[in-house]
Amino acid sequence: MLLTIRSLTKTFPGTRALDSVDFDLRAGEVHALLGENGAGKSTLIKCLTGAYQRDEGELTLDGAPISPQSTLEAQELGIGTVYQEVNLLPNLTVAENLTFGRQPTRFGMVDGRAMRRQAEEMLSGYGVDVDVRRDLGTYSVAIQQIVAIARAVTLSGKVLILDEPTASLDSREVAMLFDVVRSLREQGLGIIFISHFLDQVFEISDRVTVLRNGCRVATDDIAGLERLRLIEHMLGHELEDETREGRHAHVPSDPSERTLHFEGVGRRGLIEPFDLSVGRGEVIGLAGLLGSGRTESAEVLFGIKPTQTGTARDENGEIALRNPREAVAAGFGFAPEDRKTDGIVADLSVRENIALALQARRGWARPISRAEQNRLADHYIDRLDIRTSDAEKAVGDLSGGNQQKVVLARWLAMNPRFFILDEPTRGIDVGAHAEILRLIEEVTADGMSILVISSELDELVAVADRVIVVRDRRHVAQLTGAEVETDTIVRAIAAPDADSDEEAA
Amino acid sequence: QTVGFSQIGSESGWRAAETTLTRQQAEERGIDLKFSDAQQRQENQISAMRSFIAQGVDAILLAPVVATGWDSVLEEAQEAEIPVVLLDRQVDSSEDLYLTAVGSDLVHEGEVAGQWLVDNVGDEECRVVELQGTTGSSPAIKRKQGFENAIEGSDNIEIVRSQTGDFTRTGGKEVMESFLQAEDGGGNICALFAHNDDMAIGAIQAMKEAGVNPGEDVKVVSIDGVPDIFRAMADGDANATVELTPNMAGPAFDALNAYWEDGTTPPKFIQTESRLYTQEDDPEAEYEARKDLGY
Amino acid sequence: MTSRTLPLFATIAIFLIAYLVCYLQFPAMLSTRVIGNLLTDNAYLGIVAVGMTVVILSGGIDLSVGSVIAFSGVFIAVMLRDTGLHPLVVFALLLAVTTAFGAFMGGLIHVLAMPPFIVTLAGMFLARGAGYMLSVESVPIQHPFYEVLKDAYYLMPGKGRLTLLGVAMLLSVAGGMILAHRTRFGTRVFAMGGGAQTAQLMGVPVGLTTVQIYAFSGFMAGLSGVAFSIYTASGYPLAMVGTELNAIAAVVIGGTILTGGAGYVFGTLIGVLTMGLIQTYIVFDGSLSSWWTKIVIGALLLMFILLQKGLLRLGTARAAA
Amino acid sequence: MPRVIQRVLPQLLTLAALMALVSVFFPDFLEITYSDGRLVGPVIDILKRGAPVALLAIGMTLVIATRGIDLSVGATMAICGACSAWAISAGYGLAGALGFAMLAGLAAGLWNGALVAVFGIQPIVATLILMTAGRGVAQLITEGRILTFNHEGLAFFGSGDILGVPMPTLIWVLLGVLVALLVRRTALGLLIEAIGINRRASTLAGINSRVLLIAVYMASGFCAAWAGIVATADIRGADANNSGLWLELDAILAVVIGGNSLLGGRFSIAASLLGAMIIQTIDTGILLAGFPSEFNLVIKAALVLVILVLQSPNLAPRFARIARRRRGTPAAGKLTTREAGE
């Protein structure tokens, strides 16, 4: 056994995040760690790498007891880790991030050329085109994710830990990552893989361990394990109708009913001017590769990066969208892609985070009463199944997926008429995933219009009435009705530049 | 003629008056005055002097913030053949390095104040509280020293409390309040010696508010001779002040003019008078005479 | 020119333009005398600002440096007066003391998880208080070795002096540049400025690095104290009040971001020279009253910062287009 | 225990300990007498002398909650004091004097707020500019002299008293209560905390962070105006050169001793006010104890360090845990340095 964990326990004020968990990792296996949001996966990892101090429990590596007090110590023991949210330094260059702590030196000084060479080598297996001399922060989340993986792979002499590494990657990059993981497995590394994508789990892992509420509920070989059974382990009950029909089959979209119109909105250097009309209760999907300009489209629509061209109007005339406040006033909502920096207000409680946007709209002079806030918080904690010890817990202390739910709750409480969701299910477990899709259905039935950005085409197919394809910062195609199928979307994304006749309406 | 003037700063009304008078005196004599405010920092004064030298002025007036550390810049001035006149405070450099110094003797000021107290209390037991200037500044050190010299022979006079009031009214008032608290509501205090008038004025207010009668219950003696202290004397709240004239530039320009004309070297120290004013000296008139001098 | 170097170039450009403006008004501004003075008169500030740059790059701040410089002056003067030690020995002792003091503050910051602003504020009181306890008065330094140091200058054509102090500052800046931009320690500093938690997860020994950073700042403050003692040949506990704010302003004008993680040591040199230029300009003009001096310094400071912001915005806009 | 009390408990304990310490050196410290219709005693002195720092700390708390800092409050104090003294001498009467001072304070705040929120200059630097230039402006008004006035009405704000309680004390208590009510009874407190913790996310949630930031700096200027009025009224003159000199540092110290994080977010005005009183107790205690003045700074630094150590976020939970263990309740999990959460 390469790595063993025995009766690991970790308590936070008000929460027992891990309750005497056992875990084994063999050399040369990929071991998936599964569980709902807040089950304790990330906590387990952090206790293992010394980022958190555990309360109880023994760790052994290669038969010898270990007790890393810091991540540095863990690195030196040969444990390389990619943490859930990208944990690299945006203000350093890619090369510095990759070689951090082990930069080649000459006469005590960092040898820049050798460092660059080393960094380029580290990245060579991943098929990305990156200038390692540029600041990491200038690259997208996806690139950062890959850099983090490349770094962890190099550091992992014995164990590689990947905490939701694929959350912001598209299928091409996932395939590339899995190639790397497979070759590491062949070299005899032990790999811990955390993901909410069961397909990926089945594709790459040899064994799975399932956590629920901080306890280990099962460890099994993947071969012969049934998908539904696995989900049952995770949720503690069966999942109701996990797979469903795409809804475009049910709701035909009639262009004449569209009430919200954007004409020629765009911004130089970010996204070329595009038109968009939205109908009541309609769900529009935005598909495209990483960096294609989906997020930018959303930011322009929500006034974060104000439009330089074009207008927006509804039945009552033109609407101003110069900043998010005006967008909110116009009845828009926006759940951003990067919840950590753009979404949550970490030190405020779950209650306050949920009430925040509503309060901002009402103005400072009319506070939402405490009772009302409590009611709101309880309602959404219940409805979105937010796992928290109570509504007063700081959002920053919630697990990643639950933070995402809080951000959704904040906007649902506003009951916007046009709700933009950028990667709404990133890092969300299967149960909550289904719950969110159901929720979208519910609110659109009440008349809310939704724009969903997602890298998971299945998800788009499942919810969208219409899909717009974005490529190279341009809206290049629109798929409606029966065209909304995974294959057609993939083809539209990959189509060569024959877009002149296919240009979005 | 162009003259550079490196002033310490504008930390008090007295200094503002000195600046105003220097400008006035320069104007009267048709001298082009280059003024530089060093904001209490010696390094700014040194660099200002160097800039004056680089600019090639005809003379430099320097009111040094501190006594030490002027040798090298004075040497530079000498090499460039620019005479330097020190105003109101001294430096501890060699006398060859500057033309002359105009000022009063800080120790002497303290002695005059102390002597006045000695003369006025007679044989009574007298517990004195002292408001010091900014800790470490040369007026604070020298005035304290002079005062102590003067009362040395009188065993009945004793400094019982001494704290810094930073040369400010607020400081004087705050420290005096705590002195009053500590000394039985002021009943135990016979006299106050303040290193400058501003602190004395603050302390007078503190005494009045505490129901102590300044000038009678507690004798007040201080140094500088700013207009407000004369008004306090006129009101009977203060007893004595030792004047430090802000017109240092007049004698300095006179000395410079003589030097430019025929190379007369003035004496190395031109001492201004440290005159004692008491309530008998028609404080009302003194106030009127001073109130527009830019204090 | 990458987005990273943009602030640096903006700073340099503004400095050169400002110098040109000054020269047009006062041709004497371009003499070697003024240039020599600019280096010598700001040597103490330049040296301490290098330390401050490293601290700010790490996302911290050190308010104690002004007091530490004052303490250093008093320490040296008192030691030379009361003991027979050679100045070089005293310098070594002093640097050991100030470095230890910095390290102590760094340790407190890490162990107590207190913000550097507050810990170094207490340090500022403490260092000045310690200076007072050594001597309340200013103490002159009379030592033959100091004469040697003082007279060590190279007379440039035009009577400008390139002094030992000026050279020491340039060397400090060069050393700081190597330390911050070319060593692993420097990368750790930038990493801490990018985010302490992330840095910790990436394996930065945060505690040790914090101690090292403030120790370095303490060392540079001590060095600056030595320079200042040579400059004024005395020690004075009241000296250098508010120098920390000048140092911070110089660092910021030099294009370093106060929240840490981005900046250049060389920019700090330009920042220091810019501050010196403002001073010199005001003295050359010589017509400002005490209060207008303050207002004009503030206004020029604002102008530099706004110009820099403007240039940056222009630059990024062009890069985006 | 009510939440407010629980929040300020460390500050209360510190203050009590400090008072006990001063009493050792000065036994009559806690004595309060009533004479000539006024309360007299060292404690009353502290409540009165601490007014400027306490007033500054109110505004500073709000600014710090937004993750900013306001170095200009000392200079603003000087400007406002000068304005009030000038207005009273120019015959605008009491209302004019107070009005001009408050306007000047608000204007100073507007300037800072605009630099921070509109031009995006970092708060330390933005306010450093006014810190430098502001004192010049104040001196411009007074022409460098102490602008004295003879107006009992204005002087009342410095040395008057109502029912024996000194006016400065009443002013800071009143303003403190008003501001605390204003931020806690409305949503302002929440919104300020939100932009302090994550300005970007707050803006995306529709908060008008720009206006709010400006308002907060204006509040700080307003508080500084009152501090300036009190200081000026106290000595019946505007001392532009020295009024509020370096007081910004004491105000920041008060906020931090009050347990507020310099990184923004959660704040408590009551705790900051207690912090101001702690600082004033140290200052007055040093004066009363009668040490030579060279020791003032060292004593202050040492006491501040001790207080910081005791209140440190790393040590405080440890003390709390020990206390809890004494009471027999189970201890919470060990928290290292604000653990790296996701």
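Order of writing sets the chain letters: A, B, C and D. Residues in each chain are counted from 1.
By definition in this document, a contact is a pair of C-beta atoms (placed from the backbone, for glycine too) under 8 Å apart; a residue touches a chain by one contact, two chains touch by 3 or more.
Treat the numbers as computed from the prediction; the structure is a model and nothing was measured.
Taking the mean Cα position of each chain as its centre, A sits at the greatest distance from subunit D. Spacing of subunit B relative to subunit C, judged by their CA centroids, is 34 angstrom. Note on chain placement: the centre of subunit C and the centre of subunit D lie 30 Å apart, centres being C-alpha means.
Between subunit A and subunit D, the centres computed from C-alpha atoms are 43 Å apart. Among the residues of subunit B, those touching two or more other chains are numbered 10, 16, 19, 135. Contact of a single residue of subunit C with at least two other chains is seen at positions 132, 136, 197, 200-201, 289-291, 293-294. Of all residues in subunit A, those that touch two or more other chains are 51, 83.
A list of each chain pair in contact follows: A-C, A-D, B-C, B-D, C-D. Taken together, the subunit C residues at the contact with subunit D in this complex read 61, 108, 111-115, 117-119, 121-123, 125-126, 128-130, 132-133, 136, 197, 200-201, 245, 248-249, 252, 257-259, 289-295, 297-299, 301-302, 305-306, 309.
Interface residues of subunit A, counted against subunit D in their complex, comprise 10-13, 42, 46, 51-53, 55, 83-85, 302, 304, 323-325, 327-329, 334, 336, 340-348, 352, 355-357, 359-368, 396-397, 399-400, 403, 410. Within the complex formed with subunit D, the subunit B residues making contact are 10-13, 15-17, 19, 132, 135, 161-164, 166-171, 173-175, 177-179, 181-182, 185, 198, 201-202, 205, 209-211, 228, 294-295. Residue ranges of subunit D in contact with subunit B, taken from their complex: 26, 28, 35-36, 40-42, 45, 49, 139, 143-146, 148, 159, 231, 234-237, 239, 241-243, 284, 287-288, 290, 292-294, 296. Chain contact summary for the complex, subunit B toward subunit C: residues 4, 7, 9-10, 16, 19, 33-37, 39-44, 46-48, 50-56, 66-72, 92, 134-138, 141.
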